[in-house]
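Presented sequentially are two complexes of chain A, the first with chain B as partner and the second with chain C.
So, the complex of A and B:
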């Protein structure tokens, strides 16, 4: 099996179309990342783009709050000045966080910031209200018991949270969300002819008549397809990380998750949150990869299979624009982009009885189910695969 | 070693490609003959498990070949009418790929590849890309991959098409050298190839089995019925309406004609030794 996988891997990467598609992906990502950099960071002349990285990092505790109050005179800020501060790299973390608490509080800013303990108490109430509000738009409505369970989890958020410069990570996440779908299109293009009978890298009479030409050859191609998809995804992530590290630096991996997603209730770092996002993206990549290969086995004609694969991926992406939350949450593309396109923040929760199940777990379960169905259909197809 | 085909049918939508084929094949070389679209390639594809019968069974030593699956395919070598080679593959790469898919261990494959390349006289071009090969070289490479696993059943679809005279002789010799203790099935339109290589003939027409016997028996059937005459155009017109003309050759004003049937009265008929072509043209067409 290993030998077949190696040969199939070489065949796929020897294809000029594969190389071209991946190179185009890289060039597009680099270009769009630079374009976004200049749009967000250019000065008024539009010629110079600079990043200020002199963020004050550390725990958002009373000492930090006092520092903000003293150095920036926050009580005197009007709306425009507050907005300016949010744009300011050094304090945007902290101010975004304070702004979130302020939005949900009836108290004056002086009262909110008067005491660290009460500040975080108000913060936790704000998180609870935000989650309850977001649930109004979900198909699954929380009961009072569910909210009590969530509140219990919110109480366990470790405070004070750690803030600091994270512009690079923030822009990486933003661009990842924007450009992620390109990876799915490249995969559709590269892998849609892997089982077709009219392509040099596909299946022909000769291979079907060989001892390992059916079961092992097909399984090896499926493994190879997944490895190739994984590689393309890794290249995409690598390019994005390197470019953002060079443009912004990737400081802030150790910050609290709440410094970016204010309603998150996990006690993990922002870096761990990014890894969860990337893992979700990987799951979607693998699901789409196996779906594309199934289309390839069923259709057997390279051009039609490519066209259909791209259409299916396009349709899945388009379906993420639905206002139906159930349909949205079942969509595999939404697994990867949920954290950017929804009102639910980093995570949202379901309940079986009193057991709280995060959407991440639902995603894993749905992913397994989709894999199982695709696998069943694939095996059924390749056992009786003919060239007619 | 018995390959048995029982009540085999294959249909594609409304077209019956094969109908009620029954055959028992033992070690030997079988020529498969039939017009274009007669069902030869379909039968070969089913024998290699590339395609599946609509009805009927094929067994090897009593076991269904579909159930035998890999154990059956391990025993076969197949060369299709045409095959695709990945553009960047050299002959060596291609044979490595085929060898891996045939489940041949690497050490054995390293020994086998130079052997089969030498056998088909392609050693010197082992590292050249297959896409630069002539039709004949590609055919020989096809044979090399078919025999690399030393198959018990060798199935060759139109193996001599596109080969020049020298290559056809070479090919005949290759097959003859291999046919001992194997079931070799080859389809071709070239009668002389079948006569030179095969000892059995299977004739299929419009999906139906017409004949399956030893070539000697078939030739025997037209013994004493093959004649040659030299006649003018007017006589030829009459003769061709009443007899099966095998060949005609213009010789000035006259025509030298080879035909099968009772001797035509009033002509100087010269008796000839019959060939397989005489039988096929007179009986099957």
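So, the complex of A and C:
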């Protein structure tokens, strides 16, 4: 089996189409990341702003709040000055955080920032209100008991939170969400001919006449396809991380998750949050990979299989624009993207009775279900496969 | 030559496939029209339907009038309070021109309705313009006939507003159909035989380019016609000659056009966008020579065009002429940019056609040149 996997791996990577697809993916990512860098980092006079400022990192505690009040005169800021400070990387996370609390509070800024304990109490109330507000747009509604469970979790958020410069990580997340779909298109092109009978990497009479039968060969191709997809995904993440490290620096992995996703209620670091996003992305990549291979084994013609794969991937991407929340939450492309773009999201919760289930767990369950169905349909094709 | 073009067209698209495309477009048009009709139901504050779309539209068809001082006075005096479309349109347009409630308008304010509208239209469009352009804008606005004629034109309004999606889909998907014109399927490699024939070089290249344009144009015209006719059959053909300023979307547009003219402009710009992408596709396929490779490169080119972030300057000079942006028809009528060539001011819809003509010419020339150059290379 191992030898067959290696052979199929070499066949795929010897294909000019595969190499071209990966090269185009790398070039496109590099170009678009630079374009975003120049557009986003230009200041109002048209020059690129210096983005690596001296960052005041650390715990957003009383000392930090006092520092902000004394050095920046926060109580005298008008809307324009407030906006300017939000662009200033040294303090932007603290100001995003304070601004969020201010928006949900009826109190004046002086009262909000009067002491650390009161500040974080108001923060937790703001999180609860935001989660309740966001639920209005969902396909199910939280009851009072559900909100009580959520409030209980919110109480457990460890404070003070750690803030600091994390522009690089933020832009990585933003660009990852934007460019992720390119990985899915590359996989569609690379793997849609893996089971076709009219391509060099595909199936021929010899393959169907193997000593150990077609099952071993087909399973080896499935494994190879998944490894190739993993490799392409790893290349994509590598390029994004390296480029963002060079352009922005990737400081801030140890910051609290709440320094970026203000309403997240996990007590983990920002780095761990990014790993969760990448894991979601990996799940979607594997689902799409196996779906493309299923299309390949059913259609058996390279061009039609590629066209259908691209159409299906395009349809899944287009369906993420739906306003129907249930349809959205069932979409594998939604697992990996979109919901992490908002600073007021990261997770939402389903309830079965009073058991609180994070959407991440639902994603895992849905992923397993989709994978099982695709696998079942694929295996059914093994015996039926003919070269006509 | 004609025979070669016909053969190339038949090689790419058969009647059966065309009928499938027509079927999809027809289904989409019906669904789109049904969704559009449902927007015309009227509900009260407790979400109970008080007027069906059919009643609303059939009553509104009977009313055509000018938005003149008398009509404004009647509206202010709340003489017309029925919830029908024609009446709500009048209130909405009047309200759009003022910062106060319609009922609170004074007699002086009513008298100055159009001078206020002219000022608002000029200012609205002049946000990004130079002084010279503002003067041109004022002259354009002055040419719009006032008082504005209002009436039933829901068919044309829906065609113009909703054609964006179908035109964008046609622009982005049709180019993939013409890839096999120059790109070869390795299993049926007839290149050497074709090159050895009398008409297998320059004539074949020209025929293929013409075939590409013809296929794209046929699909575009048929699809757009089906979409427009289906929508117009649902809503009626009335109002083609009404000004676009009679809708809330374009009430402050400085461009003097009727709905029918707007539809023709949209169709032309969509066609120009399609041909731009078609010639780009032909160029890519003549360079790559393989179907899947050409498709891959095309996907990435389209992805780069869609995903490249742009500031306002880049968008003004380049972004607005990308094919998928050209089909964003609102850009041409509401707060349009102005362009300058040799001292003349040019509106964006003229500029879009001009730029795409230049781009199409360049890509076509490159395609012919590369194709002929590759024919001169020794056979492998």
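The rule is simple: the second predicted complex is superposed on the first by the 372 of 388 C-alpha atoms of A that agree within 3 Å, B and C clash if a C-alpha of one lies under 4 Å from a C-alpha of the other, contacts with A are read in each partner's own complex, and residues count from 1 in each chain.
We adopt the following convention: a residue touches a chain if its C-beta (ideal position, glycine included) is under 8 Å from a C-beta of that chain, and two chains touch if they have at least 3 such contacts.
Please read all numbers here as calculations on a predicted model, not as lab measurements.
K.L.:
Give one word, clash or fit, describing how chain B and chain C relate on chain A after superposing.
P.N.:
Here chain B and chain C can both sit on chain A without a clash.
K.L.:
With both complexes superposed on chain A, which partner does A:217 reach: first (chain B), second (chain C), both or neither?
P.N.:
Once the two structures are laid over each other on A, A:217 reaches chain B alone.
K.L.:
For A:185, is the partner it touches chain B (first), chain C (second), both, or none of the two (neither)?
P.N.:
After superposing on A, A:185 lies in contact with chain C but is clear of chain B.
K.L.:
Check the residue A:17 against both partner chains and state whether it touches chain B (first), chain C (second), both, or neither.
P.N.:
The answer is second: A:17 touches chain C but not chain B.
K.L.:
Can A:306 be said to touch chain B (first), chain C (second), both, or neither?
P.N.:
second
K.L.:
Scan A:109 for contacts with chain B and chain C and give back first, second, both or neither.
P.N.:
A:109: touches no partner chain.
K.L.:
Looking at A:205, would you say it contacts chain B, chain C, both, or neither? Reply first, second, both or neither.
P.N.:
The answer is first: A:205 touches chain B but not chain C.
K.L.:
For the superposed arrangement, I'd like the angle with vertex at the C-alpha centre of chain A and ends at chain B and chain C, nearest 10 degrees.
P.N.:
Roughly 80 degrees separate the directions to chain B and chain C.
K.L.:
Using the touch definition from the top, say if A:36 reaches chain B (first), chain C (second), both or neither.
P.N.:
second
K.L.:
Using only C-alpha atoms, work out how near chain B sits to chain C after the chain A superposition, in angstrom.
P.N.:
11
K.L.:
Kindly list the residues of chain A that each of chain B and chain C touches, one partner per complex.
P.N.:
None.
K.L.:
With touch defined as at the start, can you tell me which chain A residues reach chain B in the complex?
P.N.:
Going through chain A, the ones touching chain B are 3-4, 7, 11, 14, 200-201, 204-217, 384, 386-388.
K.L.:
Could you pull out which chain A residues touch chain C in their complex?
P.N.:
Listed in rising order, the residues are 16-17, 20-21, 24-25, 28, 31-32, 35-36, 39-40, 42, 178-179, 181-182, 185, 189, 193, 198, 302-303, 306-307, 310.
K.L.:
In their complex, what parts of chain B are in touch with chain A?
P.N.:
12, 45, 48-52, 69-70, 73-74, 76, 78-80, 83-88, 96-98, 100-103, 106, 145, 149, 155
K.L.:
Where on chain C is chain A touching in the complex?
P.N.:
Its residues touching chain A are 176, 185, 187, 290-293, 295-297, 299-300, 303-304, 307-311, 314.
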